Every structure is written in C-alpha cells, then in structure tokens.
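First chain A sits with chain B, and in the next complex the same chain sits with chain C.
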Partner chain A sequence: MRTDEMRNDIPKTSFWRRQMSGVRDFGKGIFDKIKAIYEKRKLQINLIIILLLLVFPYLARSNYIMGIACRMLMYSVLAGSLNVINGYSGQFNIGHAGFFLIGAYTEAIFATQFGISFWPLLAVSGAFAAIVGFLISLPTLRLRGIYLAIVTLGFSEILRVIALNWSSVTGGAMGIKSIPSPTFFGMTISNSSNYYYIFLFIAILFLAVTGRVLKSRVGRAWISIREDEAAARSLGVETRFYKSINFMYGAFWAGVAGAAFAPYYRFIASDMFTLDEGFNILSMVIIGGQGTLVGPLVGSIIVNLITEVFRFAARYRMVVYATLIIVMMWWRPQGLVGAYDSVFAIKKSQRKPVRMASAKEAGEE
Partner chain B sequence: MMGEVILEAKEICKYFGGLKAVEKVDMQVEKGDIFGIIGPNGAGKTTFFNICSGIYQPTSGDILFNGESIINQRPEHIAKKGMARTFQNIKLFKNMSVLENIKIGFHNRTKTTMFDAIIRNKKYRVDEEVIVREGIAILEKVGLSEYRDTLAGNMAYGLQRRVEIARALALDPQIILLDEPAAGMNPMETHALMTFIQNINKEGYTIVVIEHDMKFIMSMANKVLVLNFGQKIAEGTPEQVKQDEEVIVAYFGKGLDLGGGH
Partner chain C sequence: MEYFIAQIVNGLAQGSIYALMAIGYSVVVGVVGLVTFTHGEVIMLGAYASYYAFTFVGENIFLGIIAAFFASWFIGIFVYKICYERFFDSPRHISLICTIGMSMLLKNLAQIVFGPNMKAMPQPIALNFVNVLGVRINTIQILIIFVVLSLSLGLYIVNNKTQWGIRLRAVSQDKQASALMGINVRRTAMIGNSIGCSLGGVAGMLIAIYYQSILPTMGGSLGLKAFSSAVLGGLTEASASALGGLLIGLIENLGTSVLSNSYRDVFAFIFLVLVLIIKPEGFSKKVGG
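Showing the complex of A and B:
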C-alpha cells in the first residue's frame, strides 16, 4: 500500500516538475520589485500612466490602432469584473457573456426605442445586469465549483436564446441596428479615437472603485469566502449576502461594458454573446492572473494582441487560446501577474496542485 | 462560583441515518467557566460543537444561548450573538496576512457598506482605523505582533492555532468554543497554550474546550463533561470525573477480574 503510493509520487516530482518550478517562480523577484516601486510612488506613477493614456490617440494617429485599444479597455473591464467573481470570492462563473449581453441590449433598446441619452443608460444597463446577477445568484448560493459553473454557463445561453427569439423587443436574429452614438457637449463621439476616451473613463473608474471596494470590509468578506467559507461564517460573515453582492457587482460592470459596447459597434446581435465570448473573457482572467487587480488588464492586452496578430488565421485563433490556457494552467495557474504564493499557484510543498479556489472545497472534512 | 448559565444544551440528539452521533446530551455552561469536553475518538465531541455553533441542526433537543434558543439559526447569526469558535483542522484564511485574518473577525463590529468604501467617507475611515488599532492590540495580547504581515498559511502550526484564537477574540464574543486547540502541539506549546487560555478566561471570556488530552483538561477546566459513543457518561468537577467508574472504563478499559471466570 505504502510503496504503491510512493511509486505514484515519483513521476510527479520528476523532470517536468523541476522544469516547471522555474517557470512558476518566474517573476517572483521582478513583480515584487515593480510592486514595491509602485507602492512607493503610487500617485505619481498613476498620474503618468493616465497622462500617457490620455495623449495616446495623438501619438497613435490611427483608427485601426485605436480600435484595438478600445477593445483592450473594454475587455479589461469585462475580465476585471469577472475576476471580482472568480478571483476574489472564489465562485466560478463562466457565463459572463450573459451579463455583457444584458448591458448591451438594455442600452440598445432604450436608446433606439425611447431615445434616452447614452450617459444615464450606462448606469441603467449596469443596474439591469446587476438585477439579473442577483437573480442568477439566488439558486446558485448553495452551489459551488463546477456545479455553479454549469449553471452560469446555461444561464448565459438562455439569455442569448431569449435575445435571439424575442423579436419584438430584441430584433431577433436581425439584431438591433443603427444604435445612436453618444454625444458629449454637442460633440458626437463615433470614431475609435474619440470613443477610446469613453472606454478609458470606464476602465479607470472600474479600477479605482474596485480597488477601494476590495480594500474594505466588503472586499475582505469576499476574500474570506474564497479562502474558507466555513470559517468566514463562524466569524459572522453572511456568506449568502456577500456572494449575491459579489455576483451583482461583477454583473454591474459587465453591464456597463456592454452599454458602452453597443453604440460603439452601432449594431448588436445575439451571436456576439455566445459561450465563446464568455470563454474569451475567462481566458483573459486566467492568463492575466485571478485575484489580482491588474491581472485581467494584462490578460486583456495579451489576448487582444494575439487576436490581432493571428487575424490572418482567424480559424486557428481558438487553438492558440486553448493552448495558451492549458500552458498557463500547467505552468503558472496564478496567471502572469499572480503572486507566486497566491491561492491559485501550485505550492512547492504541495503534492497535489490546487488549481482553482473552488476545487479545494472537495476534500473538506 | 454560581454564575448564570450562558450556554445550555437540552437533550441534544444528532443522528446521521442510523448512526447516533450524539444522544441526549445535556450541558450547562456558566459565565466565567472553562468548560472541558472530553471523550475518546469518535465520541461525538466535534459533532456536539458543530450543533452548538449552528453548523449542524440537531435531530432533537434545544440549545439556549443566554436563555434564547439558537436552534435553526445559521452559524453567522450565532456568531453575531457572541459565540466564537475555532476548528479542529485549523481554518485560517491562508492567503491573507495575520492582521487581515484578524480584520475579518471585526466584520460584525463594523458597518461599512460598499458605498462608504467607494467614496471613502468618514464612516469608512473610522471603521478602518478602529479595526487596525484594535487588531494590533489583539495581536499584542496574544504575542503575535511580529507576525502581523506574515501570510497565515506560512506560519508554524502552534502559531496558526493562536491566530485562530486571536481571530475569534476579534469578534468580542461572550463565549469561545475551542475544538482541540492542543492537537498536534508539543508539550511546550501545549503548556503555553494552557496559560494563554487561562489568561483570556481571566479577562472574562467563557471558554468551552474540547480535548483528548486528559491532563490538559484536568489541570485547566473547572467543569468537565465526558462523552462516549455519543452519550454523556459523566459531568462534574475534574476531581469527580476522575473517580467516575464509567470514565475510567471508557479511557482505560475494564481491569482484569482476577477473582474467577475468564
């Protein structure tokens, strides 16, 4: 019995494992140093970054590049909001495209049918998505891990099918056309170079607000649920409430991103919000690093760059994503910017890798 | 010391299918007690604890906390009422620093909402300041100041136990349930823990402690409850319990009857 167990352990600690540990710890020093420098001069560095981002359209002088930048910013909000759910409270949502859809359709419907202006609709769409997020969180409060993942996946598909078939409201398969562009003090914002500022505004707002929430009692409650739900409850954290709030928060920002997306493309249809889209967002979170604020941003930049680089081979793009995710899960489950000792990382001392926060619940008591 | 009863169990039963994990157990914990629960492996001690703290619902019976029934309440609500607990297999938030762990303990004593946090208003700042100040005070009290920024999961086993107790103290509870706090500790650590528990008891916390180790319980508790196969076999002061026939049988087995027969 004992010898069998030991024999099973041998391949795990063999050549590959040793090779991997090098990759896994890559960045242990570099990222820590960057972090230390950043912490020291937080304000100045933030200001410089924001300034550079503000003048970026004048440097790039190309609608093509600005289009990519817009997508990167939009996806960084989407991936970031998914990360609040998956990375911080440890729930496993893979149907984030559903919330994105709600936001986009809300904006499109209200703007085309009732002529309401873009800016209030940002908040309204977010609120709609949050309400849907609340509804989806109700039956899932008792579920965790892969079971929750399947529910969110199914829910995302249900929303897409509703959008496809409820023709009187959503335009059915034809989608919604000629969504009005937002105006800002009489100026119509339509091309990518201008629209960039809307996405930039949302992304900065998202990061600032989320950073603050995570550093508060609410954020700590989320993290405590990820770390150990039973312990959190024993300390008086109302886990049901905080899980619901967490879903709503993530959904809200996905809704806001959706509301910004609809008038940018000026046309939306249900096939823009398929499961592929959900996995696309998820891949950004995983590649960038779950449970970190900047991780999804990095993930969004990388995935969107890959999309552009491999545009000539659009069909094989998915293969590249898939390979990248598998490689990441294997070598750096904590993501590119994830701390080497984060909850998602494989610890050297552990024989069995802990891949996901949700997976660890399986072996409880 | 005839204090008022703070935690009372009335004929608690818990069956898992055909298994009678806990059968008709009564308990009365008075304010200021160090109340010990002992019993061999599988005696139902932890199950009984889980019923007291709301993790399990009993099959029958009632639990009164400060005279109020807490059956059918969720663990987080019982925690709010002033009952804190630790776990047999330490449940720390391993990827958070020690101070952050303590901060979660303050969850109920602060009222910051998401909105307060976003605009960083006075409520948020006052709450955070109080949490940090009192959190550091607790760390000093339990002698963990130097570890305040260490990740809880990276600490030595004995220290992790102490973090867990410190986190429970942050709730400012009336009663603390400790589930085998000395498990896996060496004699030195065990001794330090004993002094520590006696100290916090002197500060007015009522303590219920489960332990395997007879010596640990006998030298510390002022009242002991002995469980075996889910049933209460004795209750009383350590001296009384030590002399109890059934307890001796449960722990050491029957002596050889040399008089006759086999």
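Showing the complex of A and C:
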C-alpha cells in the first residue's frame, strides 16, 4: 500500500523543477526542530536574547552599527504591524507608509508646537493612526481584499500630498525641523546607541503584546477570517468587527513606530513616506514570511542588510527588492521562515493534512 | 461661466484619457481574472515608447500610437508570463503581490534607464484653437477624443465581431467551460492582457502629450485613477469603467478650479471611496478580481 503512494511521488520533472521544489520545501524539518527546542525552553531563550540585545551597544561600540540596529528594530515593528494585517487576517494593506506618516507627523507637530513630552505622544500618535485606520477600513469591510489594497495605496499617496501641501501645519516641502529629543529621567536620549533602547523597548513590547493577542480570542478570530471568511461568519465570528479591529491594531503600531522615528532623525519631510517606503515594508513582510511572528523581523534584518551592503548602488536598491519579491512569489510564497504547509504556500495540496482529511470526510474532495 | 465651460471641456478631454486607461484595466481584469497593479507602469512605458519614437524617428501621431501600442503589447506579454501564467490555480494574493513587485521593478528600471527627471514631450500636432458652438477647444483635445473614440470602437468591433472577441468573452465568463470548448485559455488570456495593456499604453501617450511632459514616476497616480474608474464598472465592465473615467476627469478639473492644483490626485481617491460606499459592486453583474 505504502509503496504505491511512494511510487507516485517519484518526480517526473526536470532537474530545475526539482531544485525549485527543494527551495519551496526548505525548512520542512529544520524549523520544526528549532521550534520544538524553543517551545521547550521558551523563558530562558527569551531572557538570553533580551540580555544579549541589552548589552549589544557595549559590544558594538559604534554609532554606525547602532544606527543600522535602530533601523532594523524600527522596521521590524513596522513590518510586524503590517504582517498582523496582511498575514493574520488576510486583508491586504499596501499603503502602510501612510500610518507611519501619521505617527511621525503627529509626534513632530505636538512636540514642536505644543512642547508635549515624547512618551505620552507615543500612545497618542498610535491612537491617532488607529482612528484613521478605522476610517479607512470602513468603506471596504464588506468587499474583498483588492479594494482595501487600492484604498490603502491611494490613501498613503493622498496623505503624502496633503503633508506636502498643507504648509501651515506640516511645514510643506520644508518638512518639520529640530524635533526635540526625548528625555528619560532628565537624561536626553539623542545618539543612536541610546536611542537603540527606545526602539528595543517598542519592538519587545510589540512582539510580546502581539504574541499574546494572537493567542487570544481576537487573534483566533483574525486567523479564522484569513482561513475562510464565510466559515468564520457561520461559526459566529463577527467578521467586520474583527477585521476593523485588526486594521486598527496594525495602524496603531505603525503610528507608534512613526512617533519613535520622528525625534530619532529630528527632521521629517513628506518625501520620506512615499509609496516606495510602503512597498519597502511590504517586501520585508513577504521576504520574511507572512503569518509568522518572526518572519517580519527576519525580513527587516535582511532588507536592511541589503540596503547597507549595496549602499554604493543605492539606485538599484528598489530593483533588488522588487526582484526579490517576484522571486519569493515564484518559489517560496510563504516567505523564508514560513512553514512549507502554510496557507501562503503555492499549492493547496501542501496545506495542513487535517484540512484535507476533513474535506474528504465531508465528501467534497 | 465661460471659465467653467472651459474646465468642463478640459475635464472631458482628460476624462476620455482616463476612460481609455480604465477600459484597458477592465479588459485585463475581465479576461485574466486577476487584479493587476502594473497598469500604471504599463501606461508610463507606453508613453516613453512614443516619446522615443517621436524623438528618434519623427513627430507623427500615427507613429506614436503604433509605438505605444506595440511596446505595451509586449510588456503585457512579459507581465503575463511573470505574474499570471503560473498562478491561475494558486491563492489570489500571490499574483497580486507579484504584480506589485513587477510595478516596483518596472518603475525603478525606468528611472534608471530613462533618467529620473521630467522630460518635455514632443508635440506631434500644432496647438490651435477651434470654436465649436461658441466653446473654445484646442486641437490636442480633439485629437485625444478622436483617438479614444476610435480605439474604443476598435475594441468593440474586435470584441463583438471577430473570433478573437468571442474567445475573449468566453474566457472572461468561464475559464473552465471555455477550455472544455477547445479554447486555448492561457493564450487567450495572454492576448486579452496585451490588448488591455496596449489601450493603457496609448492612453499614456495621450496624457503625456496633454501635459506636454513625461516622468518615470507618473504611473502610480495614473494606475490609481484607472482603478478608481474601473471600480464603477465592477472592475470588468468596460463601458461603465469608461463612464467612471470621464467622471473622474470632470471632477478633477472642476475640483482643481475651486481648490489648488496640487490636490489634483485627491479627487480620484474621493471618487473611489464614494463609489465604494454607495455602490461597491459597480454597474456590473459579475464582479471580477
């Protein structure tokens, strides 16, 4: 019996086809093993990683490296929050730069014009981005993903146009200059090695909170919507409510990341938040792996490393990302760390066998 | 009053360009069945093809149309081969992300190859003003309306009177059934995609002539406008999409005469959101994408 099945598995395809399927199935065993080890000693491993990250500035001793680390952490929050929307609820947002812009401008305007301190503004900017995210998601809640994709794309571009032209508030093309650095118990946090801790704090907070949320009732509702919206609704999941909650959650963290970004560079202008910035964040999520918590982190590290290594060829940067996105879609649509049986994998037959079995029992297959 | 009539004429001329883009978009989505994000970049590349034809060969409008048409036809094949052909049986978002990657790739390659700066578009016909029923219309606007009408008519004839058109319509209605009827679905979808892209490319040439300038990054907002217009036709209905394009052109020109010109792109977005709130399925029975 078993041999018959195995004989069917013998590939009749070309050499390259086989190599490609090797790429696609990469990590079939390795990631499961890593995951098992991690699950066993979760607390210890987490503590060790956090400790290493905490002493990292003293090991690196270089503002340049810390600058890269800051960017990696910031983008991992941005990519992670985009992943909550795209990867966990199956909605499709490609204008994430818009929420990033809202966060950054909210912080910059309140800090420069009203002199409000940095820490409350983190939450305020996030909340503001979440409200805007709610408004954006309203017209498309009943529609399929593509409409939301276009609305977010247009929205991101429109926000940039408004930021560019509404000079009295946003400074227009000149941007907002000399945004005050945050203070922590009287200590001004200005250079990258110190600012690193702010980004680290936000990133750890984001990962911890998101990890909890995804295991909660809300997270399960998001995942059920991603898997099958009609089935989720028939099981009593209020899909529209959870979809807009999901969108607000993603927008909130993008806003927080934006609020942390503005005083780090001390200067923001509308051309930092172009559509390419949104695509940049999207490429991190896709390269790392949608629907996994670590995927966007890995994607952020890889993309930022590519940016640094190919700094001499900055013109070709976006070409490289674009090619990477297409290559990932061809051979590994679930991303680098995505499981081979993830919903994002290319063939439906490679999904979890449980689903197949239940479908067979129902007599559909 | 006269000013507003002039704005309405401008709006109609510009709107008919958007209409052509939207028709192209709805043909692509209708036949291929997958949504595209590369349409704006195809439009931009069509405009560049005609720019180089004008610069290196001669300033003849027919030459420009042919160059834009066939350049976008081949780009359409390229996009089809990379973004759609493998992914008909896969989850939808894969081809969607692939078209996003393709749009990034084309835009940034164009910036490298053509240079990132704005260039002046050659004017193939002289700019004159004509009085029609007391309304001043310039020759470029007449040219635009003429080209758009003749291409739409051509599409109508191809769609309704030829073998190709029958196949295209069959594939857009039901891929499996048309495969069973002996239609080569992949090939037909490729041709349909190329037709849609070509219409977009010619529209790109027209908008470059209308604005008298050309820019590698102009595709983004134009693609958004093409999509917004096509939403009125449920993304697949060509005639309603054309109406959407005309409406966006009118709203834009009347809006910019009230508000500042720098908010031009905002109106298409407002139109999109309004359509999605009021009539999200558009004027179409079959919703594509």
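What we mean here is this: the second predicted complex is superposed on the first by the 330 of 365 C-alpha atoms of A that agree within 3 Å, B and C clash if a C-alpha of one lies under 4 Å from a C-alpha of the other, contacts with A are read in each partner's own complex, and residues count from 1 in each chain.
Here, contacts are C-beta pairs under 8 Å (C-beta built on N, C-alpha and C of every residue); 3 or more make two chains touch, one makes a residue touch a chain.
Everything numeric here is computed off the predicted structure, so don't read it as measured data.
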With both complexes overlaid on chain A, does A:164 touch chain B (first), chain C (second), both or neither? second
Touching partner for A:292 - first (chain B), second (chain C), both, neither: neither
Applying the document's definition of touching, compare chain B and chain C: which contacts more of chain A? C
Which of the two partners, first being chain B and second being chain C, lies in contact with A:125: first, second, both, or neither? neither
Which holds for A:218: it touches chain B only (first), chain C only (second), both, or neither? first
Going by the contact definition given at the top, which residues of chain A touch chain B in one complex and chain C in the other? 343
Would you tell me which residues of chain B are touching chain A in their complex? 53, 55, 74-77, 79-80, 84-85, 87, 89, 91-96, 100, 103-108, 110, 112-114, 116-118, 120, 124, 127-128, 151, 154, 167-168, 170-171
Using the touch definition from the top, list the residues of chain C that touch chain A in their complex. 35, 37, 82-83, 86-87, 89-98, 100-102, 104-105, 107-109, 111-112, 220-221, 224, 227-228, 231, 260, 262-263, 265-266, 268-269, 272-273, 276-277, 280, 289
If we count contacts the way the header does, which residues on chain A are in touch with chain B in the complex? 209, 212-213, 215-221, 223-224, 227-228, 230-239, 245, 249, 341-343, 365
Which residues, counting only chain A, touch chain C once they are in their complex? 90, 92, 94, 138-140, 142-147, 149-151, 153-155, 157-158, 161-162, 164-165, 275-276, 279, 282-283, 286, 315-316, 318-319, 321-326, 329-330, 333, 343-344, 346-348
